[in-house]
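Same chain, two partners: subunit A is paired with subunit B first, then with subunit C.
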Partner chain A sequence: MNRFIPFFIISVLLISLVVANLLFGAVSLSLHDVFRGFQPGSDSYFTIHEYRLPRTLLAILVGAMLALAGALVQGVIRNPLASPDILGVSHGAGLAAVVYMIYFPHSSISWLPAVALVGGLCAALILWWLCGHRSSTIKLAITGVALATFYASTVDFLMLIKPLEINNALLWLTGSLWGRSWPQITMLLPWLVLIPCALYLAKSLNLIHLGEDTAISLGAKVNSLRLIALAIAVALTAAAVSICGPIGFLGLVAPHLARKLFGGRHQALLPATMLVGAVLLLMADLVARTIDPPIELPAGIMTAVLGAPYFLWLLIRTK
Partner chain B sequence: MSLSTHNVCVGYHGKTIVNQVSLTIPEGKMIALLGPNGCGKSTLLKAMARILTPIKGEVHWCGKNLHQMPSKGLAKQLALLPQTQPIPEGIKVKDLIAYGRSPYTGFWGRLTKDDHTIIDKVMQETGVTALAEQLVSELSGGQRQRVWLAMTLAQDTPYLLLDEPTTYMDLNHQVELMHLLRQLNLSGKTIVTVLHDINQAARYCDHLIVMKQGQINTQGTPEAVLTKDMLRTVFDLNAQIHRDPIANTPMCIVEDK
Partner chain C sequence: MKHFLIMVLTCASALLFPGLSQAASDNGPHPKNTLDKPVTVQDSKGTFTIDYRPKRIVVLEFSFADALASVGVSPIGIADDKDPSRVLPAVRKIIKPWTSVGTRSQPSLETIAALKPDLIIADISRHAGVYADLQKIAPTLILPSRRETYQDSLKAAAIIGKVIGKNKKMQARLAKHQKIMAAYAKQLPKGVVVQFGVARDDALFLHTADSYAGGVIRALGLANAHTGRNDSAYRQTSLEQMLSINPDYLIIGNYTHPSIVDKWEKEPLWSVLKAAREHHIFYVNPNVWSRCRGIMAAERMGQDLVNVFHGNQIAAKP
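Now for the complex of A and B:
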């Protein structure tokens, strides 16, 4: 029963962060103002209902989705250093969006999510095409890293040769929750159906953890399971990236912390990862908004500041 | 219940390793697969455990093609302990052993009272009860091997396939393991194990299958199989055959070259 204690603590943390995100920002509000902000017509209605509440909800959703995608990829690739960033999905989505913004500067920004989604899926398909459906996990990870670097350098190249058009792209590429509101939440909602699908895979992901031979011997359909889990991870990542831009390290760090706190059984790990991902992004966005108001840093920079040292520590420790 | 291969060819990346092997596993026996490195004994075992699909020929379980049967049903009949296992992170010993029950549990993996009874029983048999709350990643090599064996036993199958289970063990743990396998065999399980140690195989197994270059060279009781001729043709060794002074089974002593 003791695994419920970390669940309880992390839930309390999540709720406190939600409250903090509603209270603090460019202007600090009182709890009273926050409550009144839910009623139309009050002074703080705009700040709370149109601004801070949707942004908080979005942080929870995007944090949970990116973290879950990371846990799925780590579960399938059986490498704790793997994440959708490493498979090149986030950067593929980023490249597609930057190309769109540079070469179609006058078209509607509302197409951006769809374009990023197509980019993310293409990146996944290219990886699949290069590696085949029965390749080793190491080959998949190395090819993914190579492709991710290629997409990132293509983005750099585009930004160098088209310096005038990059403002929008730059803003989006750092991964930010700024300026996102209810329409973006509505766009994310259909993708939430992937969460129960991912949870349904929990038991089989446990078996994959034991090695391919043992998993087959225990009756798991390893190849189709791998395909389905990766497809769900790609869709979750691309959907989240298309709304907020690539928010780095969340898909890597959240599953890792969750595994430390809740163990490796996916029945506990997958829900826990989503909670941890939501907490991390709420924290990152809170700090990003309150560190030097009214100037806002992108949340993606905060996750990178926290995530990069963690990644290095992991690398050193795994040696 | 019966496990047999029919003109089976198995290999990796288009290269044939096991060539045209037809074999019926004698039911209820403890069987050792022997042979020099690269002779195909592990590959044949993997084909029987449906890890590898034959290039040609068929593996039959109860007269039907094993590779076309539902995998979850087969998981209640055949269990495999691979030669090497990954070290899962953040998994406790009791959780790992409980994974052995997955062919019987529902989609969320919830354990019933019966499942818990079987898990407790196999933990006692393998002597890992005291390790239940420890993380698998913190165990020694010998402990980990016993925990994995317990997981395989929790699968509660009439047939048990093992790929060199004693390789990374100390001598005392090897002896314990062979005794345990013998007990399981006497309680009704058919056991097929790849072994490196010919004398160990002759002492504990009823039936030896000797492979050479992807084919079966000879098979039968230890008395019939363990001969000077066999050791010379299969292992390229000059050896004498003596009686094991304790078990009275045949054993080989290698002569100087």
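Now for the complex of A and C:
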């Protein structure tokens, strides 16, 4: 019973943040205006229906996807400091996006999500190719971090030799919900299939948590389970990053907070993580839009501002 | 998902606020001064047609504000990075107070929508990604600005002139611009190599022959320095590369104080530079030379160069 209280609180928080995201922005609207905004032809139709509503929904989707990916990776690697970043997916997507922006400056920007998606998935395939099916999680993590660093340094190199493109690339690399609307949501929808798949793995992830040997003796197929869970995490991250750019720290902080609030049982942890992730990104985007209007800060900066100190605190505590 | 949500919320709103749909329909489009013959121009996305004379214009780059001001038209909104001083002083003098719509890189679409513009002028380099959204707010003319050359900038101004129904005035202004620039060119020596660069705390970016500033320098009868192979418009340059480029005149815009140039001045290598030896290093306003672009910006740059070559003090303060 006790478990439902935090669930309830976080759901209420989510709903109030959705309302806040619709009400506030560079121009604050009344509740009345917000309702009118759903009707075509009204004054606030663009602001609400074409701008704030899709952006809010996107924040929920992307926040939930990145957080779920983080929880899966942390579950498999069995390390609270792990996150999808250590698989090099977001950096791979970033590299693909920057290469596309620098070397094809005149090609359509609408291809950018597809390019980033392919980059992210390729990064995961390279990692898999290097580590193989049955390698230890440590090898996987270290190889992943090394690859991620390699991609990041390649991005830096490209931006140094092509300074003209730096603004657009940097903007994309900080992760932002600016300029995203219904088409981007439609692109994300097919990937939501992965969420029930991930939830289906919850029980087996609990077994992995007991240690590899115990899990095997309890009947879990650890290797294939790990592969499936990581593949889902990779796909979720690549899809989310391809739309919004790599929004930092969300995949790390959200599962961690959720574990604090709801405990480590994956049946509760996975849905809770998605809620926390959605709440965090909604909050970040709300702050990013309202802190100094009409300036729009990228939401990725906000999550980094929140996430980096949390990460440090985590590092110090786990020592 | 989308439709379901809209349905739920519309039902809720209909229940909560009866008579709402009535209110919504009162807000018709703006009264527009319809033209007899629609104006059609080519912009960066193809054909742009407008059948009325726009009155409420939002511009998302400084060069477009410059073009409007050149024919005495005030934009109602400018993406000025929330810093009005970034708009060229000469432009500020002409136009009426405007609303900032945020940064040029990520302008606030809801602020733009709240201004109810009837024309948006956007930059293909920065705003291609939100072109569809901008069009939902108002007809959007999308032209080059960030990557543009001096000639591109003048072409863009001519297109803007047509779209806002001031073609004649714009053509006259452009002809006057050519005269002004020719007058400046007469006061300047021919073929002297002039290089402009903006200096930050840790880097100097030279604006090459392909850049806007490079084009203005050439248009004034001066010469561009050879900055190296396959130039892009801006090129980060080290002190040693600077020596091999070695222009006759070096024009610097400092974004920060002290900038990297201030640090380099203390290095022995710096004193070998031709411009340093002959005291031909001058400081200009980096905002005017790098960010503004446009008709009046080019004229101000010409004035600056005349001052440089005639030994007058120029205002370098941003």
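Here, the second predicted complex is superposed on the first by the 319 of 319 C-alpha atoms of A that agree within 3 Å, B and C clash if a C-alpha of one lies under 4 Å from a C-alpha of the other, contacts with A are read in each partner's own complex, and residues count from 1 in each chain.
By definition in this document, contacts are C-beta pairs under 8 Å (C-beta built on N, C-alpha and C of every residue); 3 or more make two chains touch, one makes a residue touch a chain.
Everything numeric in this text was worked out from a predicted model, so none of it was measured.
Taking subunit B and subunit C in turn and counting the residues of subunit A each one touches, the greater count comes from C.
Of the two partner chains, neither subunit B nor subunit C is touched by A:S28.
Judged by the touch definition given at the top, the superposed model places A:T149 against neither subunit B nor subunit C. When both complexes are overlaid on chain A, the residue A:G219 reaches subunit B alone and has no touch with subunit C. Applying the stated contact rule after C-alpha superposition, one finds that A:R259 touches subunit B and leaves subunit C untouched.
Of the two partner chains, subunit C is the only one that A:S181 touches; subunit B does not reach it. Look at A:G211: by the touch rule set out above, it reaches subunit B but stays clear of subunit C.
Within the superposed three-chain model, A:Y200 lies in touch with subunit B and out of touch with subunit C [touch as defined at top].
The contact surfaces that subunit B and subunit C form on subunit A in the two complexes do not overlap at any residue.
Subunit A contributes residues 78, 80, 200, 202-203, 206-207, 209-214, 216-221, 259-260, 262-265, 267, 269 to its touches with subunit B in the complex.
Within the complex formed with subunit A, the subunit B residues making contact are 46, 49-51, 71-75, 78-80, 82, 84-86, 88-92, 95-96, 99-100, 102-103, 105, 107-109, 151, 155.
Those residues of subunit A that touch subunit C in the shared complex are 25-27, 32, 35-36, 38-39, 41-43, 46-47, 49-54, 57, 105, 108-109, 112, 160, 162-164, 167-168, 171, 176, 178-179, 181-183, 185, 189, 289, 292-296, 298.
Every residue of subunit C that touches subunit A in the complex is listed here, in rising order: 1-2, 5-6, 9-10, 12-13, 16-17, 20-21, 23-25, 27, 81-82, 100-103, 105-111, 113-114, 125-126, 128-130, 132-133, 136-137, 146-147, 205, 232-236.
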